[in-house]
């Protein structure tokens, strides 16, 4: 019951979906869409467990007055604020329409936070390139040169530096070539490898050889 | 008053003109000034059930009107109408623009709105300014659902081949055949990384990516978590698994619990090792960044599917001097992990990791199966290149996947 | 050989506090915002093709604009959306906006406001501008539009039936649309527009993409895709070629500075690394 | 944008930015708000966008609750007496409830059933889809455009590039070969493959720098123009 049935479920569902790919006839043809809907439903119920865990962990910190417990309180309050506003004061399923309290929180609180966190990348790109791009050995040198050419080739500076050379030696031209030829080849090798890895992993899951996700008896 | 008069005069003239024209016609003489607009019809209109689909669709093809091929000005295009008997009535269901120079002689229209089992006739009409002429399909056609998509026959062969290759090596490994697997640097370092955390008395963080269980990379990441947490149980190190999806939280708990159980330390496991932060990509990144700088883990694993947050996490981890071992099959994020982490499992290596770490023959056998796949693909590329370049056969077309 | 003092300095450079790098990045991006530098931005053939195709359209042409991105790509794509709408207003194009991404419609309204302020006049809603909002279904939406646009988008962004509006009169499918302009940050986006609207229904397509996305689009340029503006640089070129220089050109200065700073840092790091190589063993990679 | 909204946005933006200097209470505050608000956002979104339309609407629960006028499977079967295939969504509802039973320690193990369903689905879907788009279709892409011998452009830059791509893909794949030591021919090919991979990493990195910089430009523009109004 605890391990046997789940293994059968995974095996049967997986096999059916592999076969389904080749059969357009109903019910196979629509199975993929239906199951992805079912996944969404399971996901949407499971998030209750995640939310309760967040409240429990944060609540623990507040209750035991652990270090920085004040911030845990803020987490809980913000979460509840968003949930209450979203469930009861924002017009039900049209909760994201412009002007609802939920969408105001989205626009003025959530959006700037997302945008700034994303923008931190600009700084990290700077520090990572400073550290990582060193001509330590031949491989690293190749990586460095490719990055260098493409980085310069994407801004007017690159062509300003190489403007005196014949057209085909302009940095923007070389950078496009790098993107479209060696980079493409490398990407493809990685992609094909990934496909094979996925086939093998999926098969191990379907056959139940890989079963650690089910835990113990 | 004047208006009526004018109308009357006009009418008279029109009558006169028409009767003159008719006379001219009877006498067999052509009229230069007023040719009645005509258009040549399309020919060989045929309809057939669209193959390899889930029904409700019929494909209509026809030879373009000679006027269309000659690019006569004023030619507009084709109207497609549908009826249930060859005499009609026909109801218009769509139109197709006139062809261009490069188009082939045949044109086609897909009627995606049929009832399976009903017989249909189609009327294809060529349209020009002021003129229409058409052709009707000769037989009633019904749409139906296919039981096998023959367009995917190449995929079928590929799938069967890959599955059998992997199964073969799994069974031969089970039978006790020794399999060699080359060293994977990132995975050789796992032991050392866990050991170092134990010595320093610091935590190990395991980040299983920001995607949910509907991504196979997440599942692969969690199988690696199984091996890593088994090590932490043996070394008596502490592991933290902050996650961004509830389903991942539930699965990760099962995985870690099982690892502690099989390492003989079930009492050392608590549910608090795995905790949920938020489903949001950047909210999660902000949370992890905070955890990293405050708890200063000695070792951080990033194994799973990552997007832009990869570099935010890895650079913060690097700033506190943690040993970082990353692994992902997101090609766009690999460069960032390569730049900021000590070891990176590239693409396929992520999927090989759990087999590699487990040393289980069955799992290692599946790696060997993957390798056979690689040999076949390399061979296909080299042989295919020669055949293609020498113009012997359009080899590439064997690998075209229908429907994307 | 470097003296002990320079060597010590270079060693320091290798272990430089990352916050110093952060400050330089910050300055490199901030300063150009306050000063105006005339920078010579050369135009590329793919953006030239984009503008040429736009120029060839008749005044008052019917144009479908699909905005397939969200606020996270705003710095790159929003300037293009604004430029296009200003250009469209001048040419009196009739604009039909849709989004294959949920936030596309909101981005369109923002760009419209900017365009109207720039030109000092307003689009007449329903006559030369309409926002049909978002429909889910990715490339299937394009497929549905191929048979009927009003059926794929029965109501506009504000919930009114689309057949009420004069702009939609006679718009049935892609054969009634003169030009499709797509701004894309990923899937669904330009590739889907090429595969379905162009290859299947014969639409004329021009596109703008994020810098990350653009390399994947290059193969379609020419017959299938009439022009491509990639990243902020593409946006800047679009502004230059339409003589509507604005945000992207301004941003481009900061962008160039930032790249220069990073390149400079890489050079410094490597000089320091080589000069002190024997005294310090390899780094992290 | 209201002035108040801009101030809230600007303060939160600076809070995140301050993390670059070091961890501090200002960042901790922004982080806490971010965690709470975003967790709440997803919680609410998944409810209204997944659970309600996909489960409640299909089954007809929304109509029973008076939230919606449209019939679902329950109405179709019990009111009109017609079979409605949406009734199968009932199983998804059960799987969801099984998931929630984790909260009851004694029967928490039953949540493995929906988990197994999810894993099985993912494995089944990925197996064929990735084999198709990432492997088989890539062979087609690598070969299809090659200019055939005898045609005027057979010896050309274009064909050279196609050849280079094939060399890159095959050697790159050799690098991933697991069951042989990288020595001899395998080793040589793998070595070339590594160079291709290194170019790929360097180029992709360099390529992304541009859009990452633009993101920050966008934020700085917000701070300087919308908030501080330093730039007209």
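The chains carry the letters A, B, C and D, assigned in the order they are written, with residues numbered from 1 in each.
FYI, contacts are C-beta pairs under 8 Å (C-beta built on N, C-alpha and C of every residue); 3 or more make two chains touch, one makes a residue touch a chain.
Given the structure is predicted, the values throughout are model-derived calculations rather than measurements.
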Statement: Highest contact count belongs to the pair A-D
- prompt: Hey, which chain is the most central one here, using CA centres?
  reply: D
- prompt: Can you give the whole-Å distance between the Cα centres of subunit A and subunit B?
  reply: 17
Message: Using Cα averages as centroids, what's the distance between subunit B and subunit D in whole Å?
response: 13
- prompt: So how far apart, in whole Å, are subunit C and subunit D when each is placed at the average of its C-alpha atoms?
  reply: 21
- prompt: If you average the CA atoms of subunit A and of subunit D, how many Å lie between those two points?
  reply: 4
Task: Please set out, as single numbers or ranges, the residues of subunit C touching at least two other chains.
output: 18, 22, 25, 29, 72, 74, 211-212, 215, 231, 233, 255, 258-259, 262, 284-285
- prompt: In subunit A, what residues contact two or more other chains?
  reply: 18, 21, 36, 39, 42-43, 46-51, 54, 68, 111, 113-115, 117-118, 120-123, 125, 127, 129, 131-133, 140, 144, 147-148, 151, 154-155, 179-180, 183, 187, 190-194, 196, 198-199, 201-203, 205, 213-215
Task: Could you check subunit D for residues that touch two or more other chains and list them?
output: 16, 19-20, 28, 30-31, 34-35, 37-39, 41-43, 46, 99, 102, 112, 115, 118-119, 121-123, 126-128, 130-131, 133, 135, 142, 166, 169-170, 173, 176, 197, 200-202, 204-205, 207-210, 213, 215-216, 218
Statement: Interface with subunit D, subunit C side, in the complex: residues 19, 22, 25, 29-30, 33-34, 72-76, 210-212, 215, 231-233, 247, 251, 254-255, 258-259, 262
Query: What residues of subunit D sit close enough to touch subunit A in their complex?
result: 1-2, 4-5, 8-10, 12-13, 16-17, 19-20, 28-55, 67, 88-89, 91-93, 95-97, 99-100, 102-103, 109, 112-131, 133-135, 138, 141-142, 161, 164-173, 175-176, 193-210, 212-213, 215-216, 218-219, 222
- request: Note which residues of subunit A are touching subunit B in the complex, please.
  value: 18, 21-26, 29-30, 36, 39, 42-43, 46-51, 53-54, 57, 68, 113-114, 117-118, 120-121, 124-125, 127-129, 131-133, 187, 190-194, 196-205, 209-210, 212-216
Query: What does subunit A use to touch subunit D in their complex?
result: 1-3, 5-7, 9-18, 20-21, 32, 34-52, 54, 68, 71-72, 74-83, 86-87, 92-93, 95-96, 102, 104-123, 125, 129, 133, 138-140, 142-151, 154-155, 175, 177-196, 198-199, 201-203, 205-206, 213-215
Query: Okay, in this complex, where on subunit B does subunit A touch?
result: 52-55, 145-149, 152, 155-156, 159, 162-163, 166-167, 170, 212, 214, 216, 219-220, 222-223, 226, 245-247, 249-251, 253-255, 257-259, 261-262, 272, 275-280, 282-283, 285-286, 294, 308, 311-312, 314-315, 318, 329, 331, 334, 336, 338-340, 346-352, 354-355, 362-363, 366-367, 369-370, 373-374, 377
